[in-house]
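Consider the two complexes below, in which subunit A is the common component and subunit B and subunit C are the respective partners.
And now, the complex of A and B:
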């Protein structure tokens, strides 16, 4: 029965490989990849509910018991993210069907999306730090292909930066792993946590923890985000949406996991550092979101604001604020994918990317225009949409622990998000139309349906907050009490 | 300009077989001694690359009509299927099993599911390596 939790990793890989053989049959590839993602979403829901009734599930690969073997651990936090990632990918795939083009589809687009998902899901589920590195690499290799595929000049320019920075980060990751293994002699995350607690987190371990902070910050775009806006604005729309929704979230997940499970003994150092980094990320992201006129860059800087916001929850570190962050991660995956799809579709419809070159889209595409308004409200945190609950919980946590600077930053950033997106809205969607009825490109059904699906998701996530709060509370409880996770992994065979 | 490569051609004709044999040996010995699918695959791939070097791409394609991208894909499929197989048998993912059989020529032989997994790894390594080298050489013009 425990074998279930490896399925989100192994099914995408196997199906992806089968799709390699089906290269000429584009329609078949579409159907199979979509069914796969929906299937994984279904499995994730099942596992998520099982975690609520049976506690954390673990799977020892090949029967090697921890701390000796590699293992997968499914707790509520991981499963919530796996579930959201699967749903987001499925919806982005629907958009890709009509937007990505036959050239990409024949160049192994669907296999690599599935490999990307496998890497992302593996990173969420693994309970072994070295295995986390491997899953990161699976995800990154797939993302290298997806970002360069198509081979236009700006793509290649940005992807060189992207590849170099990620190779460097992976090397740092390996060095940090080597140091950690040399110090505590184990790679199993729960076991590391036990050992660190036994010997105490001295200066050496704190330094190693900062090295991990550096690595995951590079991946998540926390403070070290210089590569992010460029590389997220060049790939095709569906790929950009996947990147914006999934990739940084894996870095965020790793930060949460390591700093709540392993290096939680020196909150003065790690949480202060994370708080400062999150604050700077917020400020810089806000500046970028207001400064630029290119819609893709504005959207990419909005990713940064969200990262800063989520990390504030970790910096505060109370159970409430962590619950808020978890809620906000789930919300942000959905809303950011929607925002990227909207921005990409806007560029497809008008052929322009600067906001002052477009105007009056709402007259031609009313539904599209109102969907943009919806995502604006959702990202700004206006109730009853999905951003609201996350913001209120993080805010509540900040007040409880007296972190008023972070509180102020977090809420000012919401206003900036609102401003930067309303700027797009007023400039491009309201106003006099520039597209005459004859020149109007028909909105493809395959492009508006995924956007509407995301819209439904963000509304139902907001309205169904009560329904989801069970899972989020359990996830936050596990994160703020490391012993729950450790007992599940180290405590006997289940 | 045609490079005079008589020596390379003559020697590689013999050496390729030695390398191939060594690759298979490394692959089979990998279970309990140093070796295994990855190393065996690397050695096998180096033999194929040597063939490409000493003759030319068309000749090798005629005698070895394989698309190495599909070789790699087959390898991954084989390796993951053995892992998946353990799910079907209801034991933890990636479990292995082995048994001793009396085979006609080899006598008592240990057969294990790990070998199937390793074969997948070897095929993947061969496929990926040859694909990389071929695509580099094609772009170089």
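And now, the complex of A and C:
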């Protein structure tokens, strides 16, 4: 049964390779890729439930027992993210069917989306730091192709920067890995954690931890986000939605994993640093979200606000606040993908990207308009939508530990999110319509259906918070008690 | 020996940093390539330069050399090869379409 947990990585890769050979058959590619993603979602639900009954599952590749071999570890946190990533990808694929265009579809769009998913799932599941680097690279190479494919001038211009900054981040990752290996002599995360606890986190290890913080912050867009708004606003809608939902979350996952499992001994340094970085990210994200009029840039800066918010949960570091962050990550993957799809569809419908050039869309497309209102409420954290639970738990954790500055920043940022999205809403969706009935582009069914699906997801995640709280509580428990994870991995091999 | 290699790594990193800070795309790509060589050497040095035998249990005498860094470097080399190939093609394509390889001109206006 343990072999199951490699499937979220191996299925997309195998199917992706097969799809490369099915290049001319676009319809077949669509069907196969969608079925694959739904299948992976089903498998992840099964594994997630199994983790609840049987505890953390691990798979040692080639029978090499830890700490000697590479291994996959499935705990609730990883599986929740794998599940959400699969669902989000499936829905984004439906949008891509009608929005991406045959030119992309014939240039291996679907295989690369599957490779991207393989890299993302692998990063969530791996229990080995070097393997994490490899999965990062799988994901990044796929994302390089997706961001450049199409080859318009702004895309090429932004993707050069995106690629170079990520190559540099990967370099820092390798440097950090080399020093860590030289210091503790192992790469298995649980084993590293044990060794760090044994020798104590001295200045050298703290420096290494800051190197890791730097690397993952670059990937997550925490403070070092200067590359993010530009590169997330150029690719086609479905790709931008995937990026906004998945890529930064992998960095966030890595930050949570390393700073709760391995480098948790110096909270004064690491958590303070993360807190400061999260605070600055929030402030800068808010400024960006208010300052620009290009809808794609506003949406990209909203990604930053969410990252800052999630990292505040880690900076506070109590079990409650971590649970809040986990809720919020799941919520944000769904809501950000929905927001990106809405923004992209808006640009498709009007042919414009500035908010003061559009108006009155609700008269032409009422359902679309109300969906935008729904995601605005959800991101602002209005109950009973999905953002509420995460915000209240992070807030509760902040009060428990007395981090009032972070608390204030987190909740002021919610208001800014509401303001920046309502600004889009009032300017573009309300008001006098500028599109006459003759010029009105028909809304494609394939574009509105995924948006509605995301809408349903965010409502049901909010209403069904009780239902997933079992998984979130377990995930937060594992994160705040490293010994649970270590025992599951190293059990019997001490 | 380790000290010498570390100094060599330092020189490589200095060269790569100089290259990557220039405005020409090709120089930046060369910079990333030199960076990756530096870090491969670093990983090798971190696993201790060769001090023991081939790590074949029972076939060679202890102490054994650490085989893991070599496996890591092999993976890292393949990855950096792929990324460098991709970024070279991307740079060429950008040069063809945008007509410049100067990053200052690639900055792009915010309000396009």
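The working rule: the second predicted complex is superposed on the first by the 492 of 494 C-alpha atoms of A that agree within 3 Å, B and C clash if a C-alpha of one lies under 4 Å from a C-alpha of the other, contacts with A are read in each partner's own complex, and residues count from 1 in each chain.
Following the convention adopted for this analysis, a contact is a pair of C-beta atoms (placed from the backbone, for glycine too) under 8 Å apart; a residue touches a chain by one contact, two chains touch by 3 or more.
Note that this is a predicted model, so its numbers are computed, not measured.
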Which of subunit B and subunit C A:168 touches, first, second, both or neither: second
First (subunit B), second (subunit C), both or neither touched by A:130: second
Touched partner set for A:20, first subunit B, second subunit C, both or neither: first
Which of subunit B and subunit C A:151 touches, first, second, both or neither: second
Subunit B versus subunit C as contact partner of A:43, first or second or both or neither: neither
Which of subunit B and subunit C A:141 touches, first, second, both or neither: second
Which superposed partner A:159 touches (first subunit B, second subunit C, both, neither): second
Winner by number of subunit A residues touched, once subunit B and subunit C are compared: C
Which superposed partner A:181 touches (first subunit B, second subunit C, both, neither): second
Doubly contacted subunit A residues - partners subunit C and subunit B: none
Subunit A - residues contacting subunit B, complex: 2-3, 6, 10, 13-14, 17-18, 20-21, 59-63
Of subunit A, residues touching subunit C in the complex: 130, 133-134, 137, 141, 144-145, 148, 151, 153-154, 156-161, 163-164, 167-168, 170-171, 174-175, 177-179, 181-182, 187, 230, 294
Contact set on subunit B toward subunit A in their complex: 69-70, 73, 76-77, 80-81, 83-84, 86-87, 90-96
Touching residues on subunit C, where the partner in the complex is subunit A: 20, 25, 28, 32, 35-36, 39, 42-43, 45-47, 68-69, 72, 75-76, 79, 82-83, 86-87, 90-91, 93-94, 97-98, 103, 106, 108, 111-112
